[in-house]
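In structure tokens below, several structures.
Look at the two complexes coming up: subunit A is in both, with subunit B in one and subunit C in the other.
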Partner chain A sequence: MLSIVEKDFGTPAPRPARLWKNVGMRSGGDVDVAAKLVTLTIDGREISVSEGTSVMRAAALNDINIPKLCATETLDAFGSCRLCLVQIDGVRGYPASCTTPVAPGMKVTTQNAKLAELRLGVMELYISDHPLDCLTCPANGHCELQDMAGAVGLREVRYGYDGDNHVYAKQGGEANPRFVAKDESNPYFTFDPSKCIVCSRCVRACDEQQGTLALTIQGRGFDSKVSASQAEDFLDSECVSCGACVQACPTATLSEKSLISMGQAEHSITTTCAYCGVGCSFRAEMKGEEVVRMVPNKDGHANHGHSCVKGRFAIGYATHTDRIYKPMIRAKITDPWREVSWEEAIGYAASEFKRIQAKYGRDSIGGITSSRCTNEETYLVQKLVRAGFGNNNVDTCARVCHSPTGYGLKQTLGESAGTQNFDSVMQADVIMVIGANPTDGHPVFASQMKRRLREGAKLIVADPRRIDLVRTPHIEAQQHLKLRPGTNVALINSLAHVIVTEGLVKEDFVRERCEIESFDKWRHFVGDALHSPEAMEAVTGVPAAQVRAAARLYATGGNGAIYYGLGVTEHSQGSTMVMGIANLAMATGNIGREGVGVNPLRGQNNVQGSCDMGSFPHEFPGYRHVSDNAARDLLENAWGVNLLNEPGLRIPNMFEAALDGEFLGLYIEGEDIAQSDPNTQHVTAALTAMECIIVQDLFLNESAKFAHVFLPGSSFLEKDGTFTNAERRISPVRKVMKPKSGYADWEITQLLSNAMGYPMHYTHPSEIMDEIAALTPTFTGVSFARLDELGSIQWPCNEQHPEGTPTMHIDEFVRGKGRFMVTEYVPTSEKVNAKFPLILTTGRILSQYNVGAQTRRTENVTWHSEDRLELHPSDAETRGIKDGDWCGIASRAGETVLRASVTERVQPGVVYTTFHFPESGANVITTDNSDWATNCPEYKVTAVEVTRVSQPSEWQKRYREFSERQQELLEARDAADAR
Partner chain B sequence: MNASPDHLVQMVNDIAGFFDAEPDHDAAIAGIENHLRKFWDPRMRRKLIAHLQGGVAEIAPSARAAIARL
Partner chain C sequence: MKARRIIPIQPEPGSALPPDERAAVRAAIAANKQRAGALLPVLHGVQDALGYVPKDAVALVAYELNLSRAEVHGVVTFYHYFREHKPGRHVVQLCRAEACQAVGAVALEAHAKRSLGVDFHGTTADGAVTLEPVYCLGNCALGPSVMVGEKLQGRVTPQRFDKLLAQARATA
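After this line comes the complex of A and B, so read on.
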């Protein structure tokens, strides 16, 4: 079922030669070619539309609504239902308006007696094989079939309902062989074949929008029916539960279970998803303050009406019984919690922080901003730390994911952000995916990428694992560079070597746009035979011929676009690799226009935003170093305080300082460092050493088990603000219900700041954005009003780019000339040996999200209820491990136990796991090693040994004991109501 | 459990590992120095300096030179 507020124009807008123009860019070179207009007459009205528009769409754009069933705007025209027939002067018969493009001078009639008779006949046939339970049907009130029956004036069905049908379980007292019972296997939606009209919208949505091709029409003629994989249950099929089919269905055949239980929504509010860095726009369809369903916004600039299983369905956590709605405090972490008023909690927190500062010095406390909270909330936390605490001890979870992106891109290109918008991929000819798994991590963008690949773009994947993208329906990577974990820089250098030594450098681009001295140095460096694919083969494990082929393809295959993820950044040389990628893009001229670029796929919904907002200890909002006097002056004047000009502590440094007894108080907003950060035992030792930890979160998460103050946070549904996605796109987040704890997160930070003695008086998040805009050169054109007007804005947005900047570095790089960096390969110190012969690498899965705090509290556990260790059959065999066996994984840092999944997705010598469940202890094994420039942990390379075991690890036993104890302390809490 | 200055030594050696690729030795030292100034909390710099003064550490020559400039 479509959104209750969107108008469906029936067929997609035509795609011009250049689909998305660079709104706001100075350059005239890359602007949309004006679409040619075609003028025709529909029902006597003269209408002008872009060339390539269908007659149906042209009519709908002018409020002439031609009846339709199989057509919907998000899918290509299909022409099967025969309801949208029209008459066109000079054309024989009755063409379908959805498949007929407009032509100059065309005269179209959409309503006359003959057309009415034809449509009535079609509807009569449809309804003769459809149940008449409209009043009790979930689609009631928003059913396209019902609407069309009304539109054509259906009053009787001459064929009756007793004939051959798919509707009734029994026919003439016998079982009806055509009847298929309702499939309720998927936790979020049902499939009721008795209501199906075989319009194929679901099948086409799965093909065109999602690109999984899990659905098909089985049989022919009256036998035709929708089938998931090979007549399997939806849950057992290849279905990834993105819900595109449910949205496309014009009847109740595919319906959300929430819609079935709650009925139709009565209003709809546009907001932005709080899961990954794609940042899909959604319409929260509401009944009062309850969400009936989330429907991806057709006009969403990042997702164009598509979504994944997390964003559309996995919102149950927001109302989960585990949520805590009342503030709590305790003096020691071995004490039971005590529920208190907001006033008391804030007062206690502030007095503790002041006490610690008085005793141990101004620099002994700090804060962690959340990449899940809004820009406004993040900005406030860093402001509280810098202005209220009086130090720069502020960091964010980007530290552990994309901090090398910020560093590496700033050094080379001049701005700490990706260079494109997502739509740019539709102009790419060669797509290189390095250390990213988009179909799991960034599914909605992956669907767009797959669409482009099905159109013929070439694909290079550099990943130790055979990720799904390597081979998926109608897509096969030209090259899968299956490198050893930890050898990224060796690989990028050998790719660069081929480009430099085979004359594939785009010399004119480099001469005009880059620092030539840096280029010459780099060319000399990578040109050395030491970096040749042949010389590096022993290091990377990738056959030299494959590296050469990939380099040639990227450099000469047209528009080359690089997409990368945490497989690039979470290494001891993460920053080096990011610079290596930028070098490659500059050397081949693949930057500064649509279809190319360097594109980090950001992990969390607002990880870009949290970095933009000045969450790093060395940078103010807008990536201005704390030693930048002009920026500091500006902020000091606005904030009315003196600011430090020296960087503060980063998250791992905070842990070290805590163990040194110098850092004793930490305010953590919406992050779970005890689960997400590496070397868990080191982290928990540091947390235990602190005297006051304030956790602001939805749940008593792993870190909160070490906390002294718990401030109940609000979900994304409970507040106003903005998120910034991986494309630098700022999108509105809108309150659809009151904060369940009484306060939105920005209000809680403000309360704490006021109690600390640094006053803040915002009455609405829009005022915070106004302050950000006033103080940040790349945000000067951003405001809530402007966001409402444009839908979303990609920064920089200022006088030069009033509508934002989809593509960066067009005429020149942000830093002026692009700078090549010499990227020496330095092997990680985390080495395999006889004791730890395997390399463990980590990643994510589609249905779960990061530490799982949200998705574990939804039905998504149906797909993934535990973390498993993937290992290759040969490694499994030598260790006597079979699929499903418990196996112990030991590293230099610690030991844990997981069940084994024996699979050839991983190469021999490499094992892999996810980290969505705290009891898995994936981070008990990961080490303190980190990126040289940013301290981003080396999650992707840990030397381990795996053995078959029969019981949990010592750590897991201790963890279980500690967690049970903390749960008891929560349950034994002295409830405020009870007092 | 106490935080070990060895970790700071490892971190500064990692930083030197990147900048040592720079053929101009002086530029490499300047790069390390700049990095430590821009990204390290002064406490970390002080702790490292104290550690180096107090004993022997296996530290890259360029890193040692950079630290001397702090």
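After this line comes the complex of A and C, so read on.
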């Protein structure tokens, strides 16, 4: 079922001609030509539309609604339902309006007696094989079939209902062989073939929109039916549960289970998904304050009406029974929790922080912001720390994911952000994916990328593991550079070596746009034979010929676009690698226009935003260093306080200081450092050492088990604000229900600030955004009103770019001239040896998100209910490990136990796991090693040994005991309450 | 907590096939993989070698041609010629197109079903014969037409049908 508020124009808007250009042609500058207008007459009305528009769309744009069933705007015209037939003067027969493009002077009739008769005939056939249970059908109220029956005036079905059919389980007392029972295997939607009209919309949605091609039409003629893979249950098929088919279905054949149980929504509010960095726009379809469905917004600039299993379906966590709605405090972490009023909780928190500061000094407390919170909330927390606590001890979880992106891109290009919008990929000719797994981590963008790849763009994947994108139906990477974890910089240098020594540098671009001395230095450096693919082969493990082929393809294949993820940043040389990528893009001129660029795929919904908002200890909002006097003056005047000009503590420094007895109070908003940060045992030791930890979250997460004050936060459905996605796109988050704990997160921070003695008086997040806009040069044009007007805005948005900036660095780099940085490869100190002979690397899976606090509390666990260790058959064999065995993983930092998945996806010598479940303890094994520039942890390289075991690790036993104890202390709260 | 399932890492495609069938499928793929639109030639190759397209072959064909299983399944089921179950030792195709119907194919069909004791797509209890309908063998001038294995037969009367079948049964 489509959105209840969107109008369906039947066929897609014509794609601008420039976007159809052949893959491989280099676009020089701006070739955008305004689409030509075509004027025609429909039902006597003169209408002008862009060339390439279908007759159906042209009519619908002018509120002439031609009956249709198989056509929908998100899919290419198909012309199978025969309801949209029209008459065109001078054209024989009755062409389908969906597949007929407009032509100048065309005269179209959409309604007359003949057309009515034809449509009625078609409708009769449909209804003769369709149940008549409309009143009790879940689609009732928004059923396109029912609407069309009404539109054509169907009053009787001459064929009757007793003939051959797919509707009834029994026919004349006998089992009906055509009948197929409802498939309820998927946790979120049902498939009821008896209601299917075989319009193929679901099949086409899976093919065109999602690109998984999990559905087909089986058989032919009256035997035709929709089949998931080989007539399997949806859950067993190739389906990834993105929901595109459910949305496309014009009947109740594919229906959300929530719709079935709740009935039709009565209003819809546009908001932004709180999962990954793609930042899809959704319409929350509501019944009062309850969400019936989340439907991807067709007008969403990041997702264009597409979604994935997380954003579309996995919102059950927001109302999960584990959620805590009342503030709680306790003096020691061994005490039971005590439910208290907001006043008492905030008062206690503030008094503790003041006590700690009085005793141990101003710098003994700090705060951690989260990439899952809105810009406004993040801004407030850093403001509280800087102005209220009087220090710069604020950091964010971006520290542990994309801090090297901020640093590396700032150094080279001048701005700490990706250079493109997502749509730019539709003009890329060569796509290079480095250390990212888009089909699992950024599924909606992956679908768009796959669409471009199916159109013929070339693909280079640099990843130690065979991610799905390497080979998936209709897509095959030209080169999979299967490097050893930790050798990124060696690889990028050898790619650069080929470009420099084979004369593939785009000299004029470099001369005009970049600092020539830095380029010469870099050219000299990478040109050294030391960096040749042949010399580096022994280091990276990638055959030299493959590296050469990949470099040539990227440099000469037309528009070259690089997309990268945490496989780039989470290394001891993360920042170096980011700079190496920027070097490569600049040297080949692949920057500053559509179709190219350097694109970090951000992990969480608001990583970009939390960095923009000044969450780092060394930077104010807008990436201005705390030592920048002008910026500090501006903020001091606005905030009415003196600010420190020295950077504060980073997260790892906070832990060190805590263990040294110098950092005793921490305010954590929406972040779970005890699970997500490396070397868990070190983190928990630091947390245990602190005197007051305030955790503001939905759940008693891992960190909250060490907390003294728990402030119940609000989900993204309960507050207003904005998220900024990986393409710098600021999108509105809208309150669809009131905060279940009484306060939205920004209000809680404000309460705490006021109690700490630094007054804040915001009455709505829009006022916070106004303050951000007033104080941050790249945000001056941003306001809630403007966001409502434009839908979303890509920063910079200011006087020069009043509608935002889709592509950056067009005429010149933000820093003026692009700067090449010399990127010496320094092997990580985390080396394999006889004791730890394997390298562990970590990643994500489609159905789960980050530490899993949200997705583990949804039906997404159907797909992935535990973390597993992937290891290569040869490594498994020498250790006597079989698929499904429990195996112990030991590193220099600790050990844990996971079940084995034996697979050739990983290379020999490399093992891989995810970290979505706390009991897995993936971060018990990861070490304290980190990026030299930003302290981003080296999650992707840990030397380990794997052995077959029969019981959990010591850490897991301690974890279980501790967790159980904390759960008891939480439950003791209820007992106290009941008294 | 309710029982939860783990989606296993995809097993190697086609690993459920017996080794000889798997080899035949691989051979059909190898012989046609490079052709444009390789799927139909590959499916023909599989059916020529095995007499049918096993369900488990679909995964292997899909993997090798880089298609989804759904796509291959859609094609296999679209064409009546492709069979998903192992046929009898002899496949008998009886023409039901107009020209043959005009000269006695309907009666022949009734006789064939009666004498073999099976309906269309069925296989005789002894596993010897599978009866299939076909729409035109291009032998219209000499109908009713029947194919027994690879051999086309014209002017097939019920008596001749029984004789042809007896001969076929005798050969293997």
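Note that in this section the second predicted complex is superposed on the first by the 959 of 979 C-alpha atoms of A that agree within 3 Å, B and C clash if a C-alpha of one lies under 4 Å from a C-alpha of the other, contacts with A are read in each partner's own complex, and residues count from 1 in each chain.
Here is the rule we go by: a contact is a pair of C-beta atoms (placed from the backbone, for glycine too) under 8 Å apart; a residue touches a chain by one contact, two chains touch by 3 or more.
Small disclaimer: the values here were computed from a predicted structure and weren't measured.
Asker: Given the touch rule stated above, what does A:H864 touch, subunit B (first), subunit C (second), both, or neither?
Answerer: A:H864 contacts subunit C only, not subunit B.
Asker: So in the superposed three-chain picture, is A:Y762 touching just subunit B, just subunit C, both, or none of them (first/second/both/neither)?
Answerer: The answer is neither, since A:Y762 touches no partner chain.
Asker: Thinking of the overlay built on chain A, is A:F179 touched by subunit B (first), by subunit C (second), by both, or by neither?
Answerer: Touch partners of A:F179: none, neither subunit B nor subunit C.
Asker: I'd like to know which partner A:I217 touches here: subunit B for first, subunit C for second, both or neither.
Answerer: In the superposition, A:I217 contacts subunit C only.
Asker: With both complexes overlaid on chain A, does A:N935 touch subunit B (first), subunit C (second), both or neither?
Answerer: After superposing on A, A:N935 lies in contact with subunit B but is clear of subunit C.
Asker: Would you check which partner chain A:R471 touches, where first means subunit B only, second means subunit C only, and both and neither mean what they say?
Answerer: Second partner only, subunit C.
Asker: May I ask you to decide whether A:P617 touches subunit B, subunit C, both, or neither, giving the answer as first, second, both or neither?
Answerer: first
Asker: Just to be sure I read the superposition right, which of the two partners does A:T903 touch: subunit B = first, subunit C = second, or both, or neither?
Answerer: Touch partner of A:T903: subunit C, not subunit B.
Asker: If I apply the document's touch criterion, which positions on subunit A are contacted by subunit B in one structure and by subunit C in the other?
Answerer: Of subunit A, no residue contacts subunit B in one complex and subunit C in the other.
Asker: Which residues of subunit C touch subunit A once you look at their complex with the stated criterion?
Answerer: Touching subunit A: residues 4-9, 55, 58, 62, 66-71, 73-74, 77-78 of subunit C.
Asker: In their complex, what parts of subunit A are in touch with subunit B?
Answerer: 363, 392-393, 521, 525, 572-573, 575-576, 617-618, 625, 627, 646-650, 653, 655-657, 659-660, 662, 682, 685, 822-824, 826, 829, 928, 930, 932-935
Asker: Going by the contact rule set out above, which residues of subunit B touch subunit A in the complex?
Answerer: Touch residues, subunit B against subunit A: 1-3, 7, 10-11, 14-15, 17-18, 20-23, 35, 37-44, 47.
Asker: Given the complex with subunit C, which residues does subunit A contribute to the contact?
Answerer: Against subunit C, subunit A makes touches at 206, 212-220, 227-231, 237-238, 471-476, 861-866, 868, 870, 883, 901-903, 905.
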